[in-house]
Structures are given as structure tokens and as C-alpha cells.
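Structures for review follow.
Both complexes below contain chain A, partnered by chain B and then by chain C.
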Partner chain A sequence: MRLKVKLKGYMGNKPKKKINGIKSGKALSPYHFFHVIKIRKKITPYIFIFPATLIFMTFVIIPTVQAFRISLFQWNGISPFQTAQYVGLSNYQELISDRLFINAAKNNVIWLVMFTLLPVLLGLGIALLLELDIKVKNLLKSIIFLPTAISLVVAGVIWSFVYDPDFGVLNAILKSMELEFLARGWLGRSETALFAIIIAATWISTGMCMVILSAGLKGIPPEIMEAARADGANYWQLLRHITLPLLTRPLVIVVALMIINSLKSFDIVYAMTRGGPFYSTDVIALFMYRQAFPFLRAGYGSAVAVILFIIILLTALPYIRRITERTAEY
Partner chain B sequence: MEMLRKVKRMKMWHAATTVLLIITFMLLASTLAYTAAAPKGKVSIAYAWGGVEAESFNLMLDKFEEEYPGIKIERMEIPGGEFRDFISAKIAAGIPPDVVIHVLPGWLEEIVGIGEVLPLDDLWDDWVAKGWYTEEWRNMITVNDHQYGAWIKASGRGLMWYTTAEFRELGVEEPKTWSEFTDLLERLKEEGKQPLLIGGKDGWPCKDWFETVLLRTQGPEVHAKLVRHEIAWNDPAVRETLEVIKDWIEKGYFQKEKLAYGFYEAFLKRTRGEAVLQHSGGWINGMTQAEFPMMLPGVDFTFFPMPAKEDIPFVESSSLDYMIILKNAKNIEEAKTVVSFLTGPDAQVIWAERGGYIAPNAKVLLTVYDLNSRKEAGLMKAADIILFNTGLIPTEMEYALTSELQRFWDNPALLDEVLNALESEAQRIYGK
Partner chain C sequence: MKISRVFQYLISITILVVWFIPLLGGLMGSIRPMSEIVTGWWNLSSATFTTHNFQYTWSRIKINFLNTFAIAIPSTILPVLIASLASYAFAKMRFFGRDFIFFSFVACLVIPGQIVLVPLLRLLTNLGILGTFPSIILVHTGFALPFAIFYLRNFFAKIPLDILDSARMDGASEFLIYWKILLPISKPALASLATLQFLWVWNDLLFALTFLSPETFPITVGILNLQSRYAPRWNFLCAGAVISVIPPLIVFLLLQKHFVKGIMMGAIKQ
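And then the complex of A and B:
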């Protein structure tokens, strides 16, 4: 038996003369027909991922490799790279003893702890609350999710107004509650500025955590909950023994995302304090930017970038592993 | 059949993807082509002035476009905080603006050092011959025996601004000596007023305060040595300077939240009467006229220069804004025309008439200024030396100084820690 196949052109119905060496309209043997389909099946995915790969290579892989290379040089970032002086690992050596880098790293650790705990716990709490029978829960979800749509820079500006010592909402609330002694310039004091920024960032990220965890809660099969209830489990027992264990995967994803975001934190800090007052809100990404651009130390800045890249990569690995897992386990 | 339909659908997707890709690359290519080749007759100027200063500067540019209709100006108003980063990134990307206006001479030396600035020696010969500038002004822009910039704006620093009504009400007068000045601060405190205000959040006001007190209490020689790091930052002279400020902070002369406000908020707070004196440059004259048009300069508000200690010579610390043409500018000849115009008297008189500005060009007469600017210009001419501000120090050191002084203003008890940190940073930066 022979199959007759008509292979059409890409944009119209006009038959092409030859595709893959086979004339259109020509009778194909079953072997040829399946061979063509097989080749196309193999090629098609690559064609689809080509644009993304190209962009990823151009804007991520090549600059990353370049950063590794530049970190071994002393270079101002402006003059031709030929003028750069090879310094080996001395940029990395300098980093180890740089008190400002250590200060920025310490601040990043505070970010990491607070910015991971606060949005995740708040997001989880809200997601659990919204599982209860509340009429306006979709509206509430939308309101809580809304800040996620705002850019961090805009959020930074909004929160700078909130923290304004004279006209800020926060101080106004404190004064109205007769807690005037607590009112202060929140961003102007080293002991409060960092936490003030983290709270602003938490405001943005809680919505995203809530949505992911809420989706996770929806994915828990109701029959498991019903079975547990039938066995006499109360709300807290359900939460501890059923809900939280089954939420492990979304929780890991959310925690990993928050850790990565906390390590990358830059824009909101730049918008609110630029690392000040006196480095009290400085973070690694901002330190890196300052070295590479205003101070014209592209080599040193790149060394910071490489360190940051390695830390983020190590942190992101469990996240990447989780999202590439295909099977659900109940 | 079903499979063939699938194949057809896939082909459609391939075609759509290809078209999208082509469009993307065309857009990208056209963007690159546009940025790579700026049209002739167009000069881009990057500057960090904003608000009323930018308005005045734009009037100068409008006048230029009127006189030279063949050259269009692309105006790039960049926020001061991001200015140097923006320019560095533009140069690195190979798409620099033609003309850059900046105020920190330390940055000029850095950027000249990496060979990115075009020397303007020939233009300077012409300007000096025309009597626009003296040799002293020429020397001040000279780096490695070449003139790499042109002056566009001068401003006095170390000025104490106040509203005249407040002084009248309190029955106090402008102090002429250091002891009169400190007495005034004490008197204001006794009267229940907040004597001083600082917009420490911006950082640079802390640096400006430090510089003025250093000049007034230690003199210009110590200042010059410190800027070149010929004396240490923990030298007794620097320590003494910070001790003066520490004393004022501890006596409550400054407001409580010193780092909570920026310069502009501090300016507004003083005009609302929340403090009596604000240390600033001459630009506050233009700001006040823009914000409060009913207030007459020299009548309703004015300034006095912070007096020097009795045994210290008085010098006026001035900041001077300069223009540079970048070596890789696309339209160098047109850029030179623009720079020549802006450094000339016809352009500078426009801003001088609007206030908050002192023209560096000698051909701009004192009569064009308002009372405050006239006083400021007279002060700059009468002063023994015109100095650059601490902008002479390298960018990295300037950042460290700003941050460490913020720490000091926040907690003056950390004086020694601040000085040692500054010295340690200086050794690292100057030693490179």
C-alpha cells in the first residue's frame, strides 16, 4: 500500500517543489512518510527554543562568562579592555577583607532571614484564612495580590512617603494612638532603616506567596481531608499532619524564590536609601553597582558579581530541582 | 489527516515565529543604527540640574538654538545621584553624550586620566584673549597642562541663609567674627529657636558643613593638604574641626532628626520657621525665588558667610560647574560651538538675571544680579582664594567621606571611629 501526501508551503496552499528532498504530490512510501515526520518532530522543539536560547545566551550566559573574566582584571569599565591589567585573584582577596563588603553581606543575611520568613508566613496565614468560607475572598485575594504588580522602585517611593517623619502615615498613626515617642525618621536612622525597607519589600511579596500557597492548598485532594476529619482530626491536627506536609513543594518554591529575591535586593534599597544612612542598608548588589559604575572598578565589581552569582546559584538549585520534578506525590 | 493538520498548524506557528523574530531584529538593528550614528547638527548635553536651575539653563539653550538654527540640542536631564553612573555607562557603551556638565573637579581628573575628554586649549586661548576669563580661571580647569573644560556656573559655598524678618524680630545682626557667630548660635538657642538645620539624608550637606567649618577653623592650607591626603584624616586639625561640630550637636543647635530630611526638605522647614539658619551654597537664592516669588532677595531673605576664626584667613569655598566634550562625541565641532556659546557672556547673563547663579565670565556685570547674588559675587571676587570644594577628592573617597560624616552626625560620640575609618579608606584609595 502507498500513501499519497501533499506537502503544502508555509504561508499558503501552493505546493512547494521539494521539501526534505521529496517532491510534493509524489507518492511516499510509509517509511519516507514517517521519516519526514520524525525529523520534523526532532527539529521543531529546537526551532521553538531557538529565540529564547539566543536571548538567554546574549543577555545571560555571555555576560556571566565575561564577568568571570573581567573579575580577574583591574579595569575601569570605560577604557578599551586591552588597557586592563591582569591581577589574578587579587580582587577576590581584597573582597575578603573589605569591611564594606562584609557589612553589605551581613545586611543581606538579615534580608535573607526576614524577607524569607515574613512574606512566607504572612502569605501562608492569609492563604489558610482565605480557605475558610469567606464571601469576599476573591476580592481580598486581589487586594493582597495587587502590590505584586507594582515595581519595587515605585513601592520604594510609596513607602518613603509612608515613613516620612513629618507627613508620613506611620508617624501619623503612632501620634493618633498617643505613641508619639515612637514616631521618628524611620529611614534616617541606622537602627530602623534596614527593617523599614524589608517591611516595604514584604508588602510587595506577600501577595505572590499567598497566590502560590493558595494554589498549593487547592491541589490537596479533598478526600484526604475528609478522611482525616472522619477520623476525628481537628483543624490544627489537619494543618499539622495533612496540610503542611502536602504543601511542602509550594513552600520550598516560595522559600527559594524569597531567598533568591533577598540576595538580589537592589532596586527598592536604591530607591529608598541608596544604602544609607552610612551603609546601614547597603546590600551586596548595591555594593557591586557602586564599585563597577561610580567608582569605575569594573574588575572588583565583577568579582562581587561572581560571588553573588555563585551564592544565588547554590540557593536556586533546590528550587530548580523542584520545579523540574514532574510527578505529584500524595 | 489529523497529523497533516497538525503539521500545517506547526508550519503556521513557524511562520509567525519567523516574522516575529524578523521584526524584533529589525527593531533592534534600527535602534542600534540610531544610537550609533547621531544626525549631524545635533548636540546632546547631559546635566544634573533640576527644577528652577534646569529651567534657567534651558533658557540658555533656547537662546542658542535661536542663534544657531542649524544645531539642535538634545537635553539630557539626569538626577544628580545617578549622574556619574549614567555617564560612565554611556561612555562604556560607546554612545556618550557630546557635552557633559558636572561640578566635581575630582571626577574631571578621573575621566581625563582615562583619556575620555577632549582638550579645549585652542578655545581657551580665544576666551582669554577676549577677556572672558583670566589666567587664574584657566589654571583652575587645567589638568596635566591642558584645559579640558569650560566654566558655566559659579556658586559660593559656606553661606548661612536666613529670613531677615526673623533676625529683626530677635534683634540680632549678621555676625562678622567667629565668636560673634558662636554667640549668635547660643543666643538663638536661648530664645527657644532651633539655630541650625541640616538635610543630612542627602549626605552632601554633611560634607559641605564639614568643609566650611574646616576652612573657617583650620584655614585653607590644612584644607588643601587634606584634599591631597598630605595630612591624615585623623590628624588633630581634622579632629578639632569635628569637635566643633560635635559641640554644636551636643548643645542641641541642630535639629533632632539630622538624617531624616534631605536638603530640599530642610530648606522648606527653615522657610516655615522651624530653624533660623541653613548652611548652603548660593543656589538657595534661586530656589527661594522660585518657591516663594513674593520674597525679595536681599530684602526678605539673605545670607552671611560663616566667619573664620580670628587667626584664620577668610577664603571663599566655591563650587564651579564645568562643561566637557567627550572624545568620542559624535558631533565635536557642533559641541564646541555650543560650549563656546554657553561659556560666553550672552548666555550667562540669561541665568544671572534669573538669580541663584554667579557667572564665571568676567564680562557679565554685577548690575545684572539681584541683591543676594551681587553680594555673593562680590564675596567671591573679594576672597583671597577661590577654592574647589571637597569635590577635588577621588569619587570613592568622596563617597566614604559623605557616609562617614553621616555616621558622625548621627552619633558624634563615634568621632574617633569615624576619623580612623576615613584614614583607613584614604590609605587604600590614595595608595592605589
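And then the complex of A and C:
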């Protein structure tokens, strides 16, 4: 049974069919209601966004708001919420003076700095390298980008193998280069563990940076380069005054991505050291997980998560705004 | 630039080698017996190869491997469908609150997974689905939406209105337009998004650890269970790593073009 749908304004002055129930004064069934064009046009968008909004609200927005609320309580996460005690902001007060938390935060800062510099610089360097015509270009591209597809857990396992003091490649290479004194238990010593993990994480993420920056490089019109070269600029001048400024947008994107990822890092640390030795590789995300689950301090853990969220928000929002600025042009 | 040519080659080769070593180590560790790994897998002179590692590891990990599919496939299809539906509305329809809601979705890109662990644990328990596949599928879907909607909406916005308008004039409903016209045209974007999402879910650890149970753990957790407290059993760990990497690798290699395009389109407006 098809309902003939007349589109007003397209067909000119045709006699109106009695679909428009409002005008005829008849009682409306939902079926007819829906097929009134005007109403249908208005409702359809909302129907389309309904599933997404529903799932998003239920599983992301509302829990996030609840997390804020839970952080004001002391609760073990298991017994019914009624047994939780309201403690106001004392969870946060405890956090500020919690030495382990400060330690984790410090590690995140180190991570953030290194993780923003290393993969970006490496990615940029490799992208630039790829611009110059080399035969192994595609192979290089694929191999460097490949780790992005590997899970952080697998990468953690593989790199733990590299770092193994007795059977790992790293120490073997050092020994063969007569640098045996440098060989050590990379993941077992507090001084080196964190950096070892960050190197592994860099191995994974450089590919992503490289791809994005490569695309940015391709977007630079060759005419500009030609003109500058005709004016007598050498490679480094080209780089500094033309390439880099034109790469600002991709660079911003890449830096934003790296910042957000460094703050969220959990998987690879959990896989490689679980936060040890002696919490030297502990990061905020891991700290939160530990508080909430083995330690059963759901309120405290939620407070950590809230702080993590706020930190990410503050550091990432300026970048996100810049990215979405352009797309607002529609 | 001739001298620097050699230089470039040198650097390229060095980078290639350095990048490849960890992968090679993992591969070697999985196909050689522990006794040889102990003396260094790079000693190729007396190399013997074995499938024992894989046999043992597979028997332990088979469940996790299958679980991961059960999780990843719905967690890819569902967000893509839902997000494309919503993105169509955001891109091509006008309605009150459109921009506000859209930007709200996008802004939520910054929400870390950690923050919802505790509240969702409670919600999922109340819904009675904690530890089952539907629970984590829904969570993954929810968190996939910000990026998916952002990405698809940008793509849809570039589709010329004529095609859609002519269909509208022929009297097609919006849903029909969506299903029969928009989706087929958007196959590249949908493929890129699906690839990204599949890899993301396949490699997830945090949600899996929190919301699932030993019967439903994916391989990310399965591999961790292979770790022993004392001497690491590299042969089994490497075998597990290889096993868990094969599907993403296949997806990656087959769809590499889409994958790269996906990242680029999501990251840079052309």
C-alpha cells in the first residue's frame, strides 16, 4: 500500500490530496501523522540521530557525569551505592598529597614531552626523507607504518623480548659492538624502564605521524618550491621558511594526537611492566585502574579518572577547536 | 646532492633495519624452540624450527582468538551503521540543534575510557550483561561514535546535493536515500572507518579487562595470561603475539589504501 507523497513547491499547483490531516480536521493516526510531509521532514533528522544519541548518552555521557558524582564518595564499587559515604572533595585532597599519584603524574609528563617530540620529529624526518626519490620508499613506508596495526599489548610483548637482559636483541647488539657495559636489565631498573617503554611506544606511533605529515607535504604546491629554488634558496632555507610553516596544520594535528595518546597510555605499560619496578613506570591511567579494581576504591579511582579527563580536556581542547574550526564552514 | 644520496640510503636502511628487528625477534621467537632462544635467536647457524610453540599456545588461546572476532565484528558494523545514519542527518539535513549536537559529539573525542569504568560496571551489572559480549560491543560502539560521526559527516558533506535531491523529487524517503544511494557512494569512507574501528577494537585492552570474564576475554588479555611470574616464556609469548597479529595484519595489508586514506581524510581537510 503506497501513500502518494506530494512534494509541495516542486510540483506547482496541483490539487492537494487529503493527506494533510490537520487541514481536513480528521482524527490523526500516527501513520498518517508521520506521512504529513511537513512533520515528517521535521522529525526525520531526529530519528536518524536517535540511535547514535541513545547509545552515546547511555554508555558515554551519563557514565561520565556519574563518574564526577562517584568521585565525591567513598565506595568499594561492589556493595550497593547506598552504602557509599559522601565525603565531598576529600578524595581530591587526598590525591594532591598522594605520593604515588604525583609519581604517576610525573611519569605522564615525561611521557608527554618525549612522546610529543620523538614520534613527531622522527615522523617528520622520515616524511621528508621519503620526499626524496628513493627506491626503498614504499618498503620503508610500509614497515614504519606497520606497527600501528599491532596491538599495544603485542608490541609490549615483542619489545619486552627485545629488552630481555639475557635473551634480548638489544643487549646482544651492545655486546657485539663491544659496549657490554651498557647492557642491563632495561625493564627491571627504575632508571631505564620508563624510557624503554616510551621508545617502544614511539616505535608504534611514528608511523601514524609520518603518514599524516607525508600527506601534508604532498599538499604543498610544487610551484612554491620551484619559485623559492629559483630565488636561490637552498634545502634548509626551503625547509625552514616554506615547508614547515605550510605544515602547521598537520603538525598541530599530530602533536594533539600524541599528547592525548600519551596521557591515555595504559595498555603498553600494563603489558610490559604493570607499572613497576617500584612504580617507576606507573602512569595515571594505570594508577586509576589499580585504585578502582584491586584496591576497591571506586570513589578514589573515579576522582583520578576525573582529573585525567580534565587534564586531557585542557591540553587537547585548543587543538580540537582548531581542527573543527575549518569544518564549520559548511 | 650526490653525496647526500648515499647518506639518504644509509639512513633509510638503518631505519628499516631498526624498525624491523623487534618484529623479526617476535617471529623467530615463535618458530624456534626455547632452547635455541635461550642462546639467542639471531644465531642462525644451528636453527631448527618447530611448531610446538604454536600448538601449545593455540590450545590455550583459541577461545580468546574466537572471542576477539565475536567482539570486533559487531563492534565495527554497529558504529558504522549508526554513525552513518546520524552523519547523514548532520551533513545534509537542517534541524534545530544540529550544529550544537554535532559539535558535542566531536568534543567528546577527549573523553578517556578510564572515566566510565566504574559507572559502567554498575550499569552493566544492573542490566545483567556484565561479562558478556553485548556489554563490550555497546561500550565500544559508544566510544567509536565521536570520531565516526566527525569523519563521516565531513565525507557526506562533500557529496553533491543533486543526486540526493533528484531522489527526493522522485519521492524516495530519506531512509531509502540513505540506504540505496548514500551508503553505496560512500563505500571508501565506510571501508576506511570500518578498518580503523576494527583495528582499534581488536587491539583494545582496557575495556576487555574491565568488562569481560575469562570465558569472553579477547586475545589481548589472553596473551597477558601467558606471561608467567618468573622466567618469561618467550617462545609461547611470541607465538601468541604472532597469532594475535595475523588478522589485523591481513586487514591492514588488504585495506592499506583505505586505512591510510582514512587517517588522512580524517586528519586533513583537502
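In this text, the second predicted complex is superposed on the first by the 273 of 330 C-alpha atoms of A that agree within 3 Å, B and C clash if a C-alpha of one lies under 4 Å from a C-alpha of the other, contacts with A are read in each partner's own complex, and residues count from 1 in each chain.
To be clear about the criterion, contacts are C-beta pairs under 8 Å (C-beta built on N, C-alpha and C of every residue); 3 or more make two chains touch, one makes a residue touch a chain.
Not measured: the values here are computed from a predicted model.
Asks: Residues of chain A touched: more by chain B or chain C?
Replies: C
Asks: Looking at the overlay, what does A:305 touch: chain B (first), chain C (second), both, or neither?
Replies: After superposing on A, A:305 lies in contact with chain C but is clear of chain B.
Asks: Once chain A of both complexes is superposed, is A:252 in touch with chain B (first), chain C (second), both, or neither?
Replies: A:252 contacts neither chain B nor chain C.
Asks: Pick one for A:290: touches chain B only (first), chain C only (second), both, or neither.
Replies: It touches chain B, and chain C stays clear.
Asks: Of the two partner chains, chain B (first) and chain C (second), which one does A:152 touch, if any: first, second, both, or neither?
Replies: In the superposition, A:152 touches chain C alone.
Asks: After the superposition on A, what does A:189 contact: first (chain B), second (chain C), both or neither?
Replies: First partner only.
Asks: After lining up the shared chain so the two structures overlap, which partner does A:278 touch, if you call chain B first and chain C second: first, second, both or neither?
Replies: The first partner, chain B, only.
Asks: Examine A:48 and indicate which partner it touches, taking first as chain B and second as chain C; both and neither are also allowed.
Replies: The answer is both, since A:48 touches chain B and chain C.
Asks: Under the stated touch criterion, which partner chain does A:77 make contact with: chain B (first), chain C (second), both, or neither?
Replies: In the superposition, A:77 touches chain B and chain C alike.
Asks: Across the two complexes, find the residues of chain A that touch chain B and also touch chain C.
Replies: Residues common to the chain A contacts of chain C and of chain B are 5, 10, 44, 48, 51, 77, 166, 289, 293, listed in rising order.
Asks: Show which residues of chain B lie in contact with chain A when the two form their complex.
Replies: 3-4, 7-8, 10-12, 14-15, 17, 20-21, 24, 81, 84-85, 88-89, 91-92, 110, 114-116, 200-201, 203, 257-261, 265, 395-396, 399, 403-404, 406-407, 410
Asks: Enumerate the contact residues on chain A facing chain C in the complex.
Replies: 5, 7, 10, 42, 44-46, 48-49, 51-53, 55-56, 58-64, 66-67, 70, 77, 81, 126, 129, 132, 134, 136, 139-140, 142-155, 157-162, 164, 166-169, 172, 200, 203, 208, 211-212, 215-216, 219, 249-250, 253, 260, 263-264, 266-267, 270-271, 285, 288-289, 292-293, 298, 301-302, 304-306, 308-309, 312-313, 316-317, 320, 324, 326-328, 330
Asks: Could you list, by residue number, the parts of chain A that touch chain B in their complex?
Replies: Going through chain A, the ones touching chain B are 5, 8, 10-11, 37, 40, 44, 47-48, 51, 76-79, 165-166, 184-185, 187-190, 274, 276-279, 289-290, 293-297.
Asks: Please give the residue numbers of chain C that touch chain A in the complex, ascending.
Replies: 8-9, 11-13, 15-16, 19-23, 25-26, 29, 37-38, 40-42, 82-83, 85-86, 88-91, 93-95, 98-99, 101, 103, 105-123, 138-139, 141-143, 145, 149-150, 154, 157, 168-169, 171, 174, 178, 199, 202-206, 209-210, 220, 223-224, 227, 232, 234, 237-238, 240-241, 244-245, 248-249, 251-252, 256, 259-260, 263-264, 267-270
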